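Chain IDs A, B, C and D follow the sequence of writing; residue 1 opens each chain.
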């Protein structure tokens, strides 16, 4: 037996993402954000997207391009404080924003990736984030039902990949990437380096290949990936 | 292994399409892999935490830390990955497992599967079988057509505790290949030397026959 | 800053485990089973234990010693088919056995480790394993409530550890270990090798040190860890 | 930083005991670490996926993939580990975080914390703050005693949307160290040069005073 090859071009990897699709995007700030895949999503132009991402990046970076192009109808996120456009669009009612506690967003995505219906938590129980959500008692203690999140497409930034789609991440660029890489019907990974099959140690793979559909090697690391000099 | 069982296992191997992620249960299903070409592109999954199972190894060449879910000493292939038990079943439940082949105590004409408990006699526990049966995109059973006493394993209804309801798509036995359809058991192929009358007799529920010639394996 | 040292003796690591404690034990068959820690638990003799482990090992191995010594009142597990003593004790009513679907046991342990109340799943919905469990509907689909599991003590087998308690696992010896290492009030890891601080690459740590309380270096790898020649 | 704020931060550093796992929020809390001895045994956690934060680095020495949750370029120490966002908050929610220090818009006398939303004005989102506030074993607030307009941040009740209820144990401000007790705010220490009258005036809820001399910082 050998494992199948999933390397492809960026155009083919993203082809056919439909209007109205739900798109998960990895990253926490700059590290782990798949800037190159996001540019291709802007170029291909799918409209009315629901985007699930920890944050909205900063002006002229990552998710901000999708906001500028008007492709995003809804953003499920935890913190958009570094993106003035996102806050303005939200305040003007032109962007629907759903805030989650950060670890709960992580768990909801993971639950989708794990084929669960949701999780039970007491996080945010005394806050407005809990409003309108189902609750349930276990042994007399009340929990909030947080539903699983899945997406049509996940855009992932990896450090290294092999041709089967095994991925690793480096430092704090890991964040939401391995969770989202489990939780979408089509998982597309950009990798700084694509190795021959067997190039990653089986013990040190962070995302196993069966979760990944397409692997795209980055031909350059653009300025967006670099140190932010504020 | 009997000749008919061997042909059944070889026939079952044709269910595996290139590029699939496949979990092969303990027993007959494990043998299926021996009938694939050496360079066939497939990812074999085992629920104890490996995608990309390589050949089984004899004890003197085995790694004490590398087994499949049945306890056999296995190996890796280029591109294998290890993961924990939560990730392993995340893969199964979220639809990344294209195919599983499982053993059975009983299969009903509605595709119900019973393969983990014989009350009062043998209750080893379900292991990972429930999730494999319920969530693999296609579930195939490999089994003898009858139990050791000669009683049919294919029945109108399962009498044993269920593993999962309505999960089985196709059954391979030493006597036949049978699909589960909305109308119940439907014969696809029969084993060489097994007559339709013998097959009907050994099947505990109505068996619809295809029109025209029935292929053999 | 430096990180604190958690290495200790096996006697101290397990000291004071109370009668009636709940003990999680890693491993799937031989790989990942902390055989040495189990022997010390037998030696120290805590009674009336609830043990949570994927399986019951085999005769004269691992959990079987705890069954033979009569220390286990209850076993939460997925499969005990290779341990005739476990099946006999269960059939005689001398051992309470709670079966779980294997991935659901993994998720229940993980939920405990993640500070959740439980998870929602449709696994086993048509089986006797679902009997008596709460259900809940999301968008018209019914889910079973599977409650989180936590333990007083987790016994973990690692490949390598550093003094802070960062752990890695090898091959299929990982299995339940990283999940249980998050889910107990006292987490005790035996390691085949204990490295100086910084000996593990920060990207390849499987269990982060903050989850681990005690690290015990194995001075020998006994026969129980070896290839099983049936 | 003003002298009083600097002394407050230095005083807050004494809350960190050897062996703790600690998360320091953006702003003043981040400065606390500068007041610990270089070889102090503590594990600093950041919710974007690192246990064992090392010194902050200038851009020319920074790693583009290594930031803390506030976006500062940081480094590792021997024994650091990286992990994903689910594991990072698993650590927080399951009780492995001994202490967090957070900023505040408002703190109530019941220990309620508001620090993520000013409706209609500023709604950046909660980030990881809710889980830190709700699940760290001890929650300490570091803040100016009043807002820019001079209004008290310590109040009988929070008027802003809550981050978490009853979570705050102790507040460090540029004017005082104040505990949250079943009886409300209780003065522990006051800043040098700040009179009890000034302090009472700047606090938006009753402040109980200790008997005897009140230490200063």
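What we mean here is this: a residue touches a chain if its C-beta (ideal position, glycine included) is under 8 Å from a C-beta of that chain, and two chains touch if they have at least 3 such contacts.
Not measured: the values here are computed from a predicted model.
The minimum number of touch steps separating subunit B from subunit D is 2.
Looking at A-D and C-D side by side, the one with more C-beta contacts is A-D. Averaging C-alpha coordinates per chain places the centre of subunit B 29 Å away from that of subunit C. In whole angstrom, the spacing between the mean C-alpha positions of subunit C and subunit D is 35. A separation of 32 Å divides the Cα centre of subunit A from that of subunit C. For subunit B, residues that reach two or more other chains under the stated contact definition are 50, 82-83, 86, 89-90, 92-93, 135.
Touching of two or more other chains is recorded for residues 107, 114-116, 121-122, 169-171, 202-203 of subunit C.
Applying the touch definition to every pair of chains gives A-B, A-C, A-D, B-C, C-D. Listing the residues of subunit C that touch subunit D in their complex gives 1-5, 112-116, 162-164, 166, 182-183, 196-198, 200, 202-203, 205, 208-211. Subunit B makes touch with subunit A in their complex at residues 18-19, 21, 33, 36, 38-45, 50-54, 76-83, 86-87, 89-97, 135.
The touching residues of subunit A, when paired with subunit C in their complex, are 107, 111, 114-122, 134, 136, 138, 141, 143, 145, 147-148, 168-171, 174, 202-204. Subunit B contributes residues 46-50, 59, 62-69, 71, 73, 82-86, 88-90, 92-93, 123-128, 130-131, 134-135, 161-165 to its touches with subunit C in the complex.
Interface of subunit A with subunit D (complex): residues 28-32, 54, 77-82, 87, 90-91, 97, 99-107, 109-110, 121-124, 126-129, 159, 169-179, 206, 225-229.
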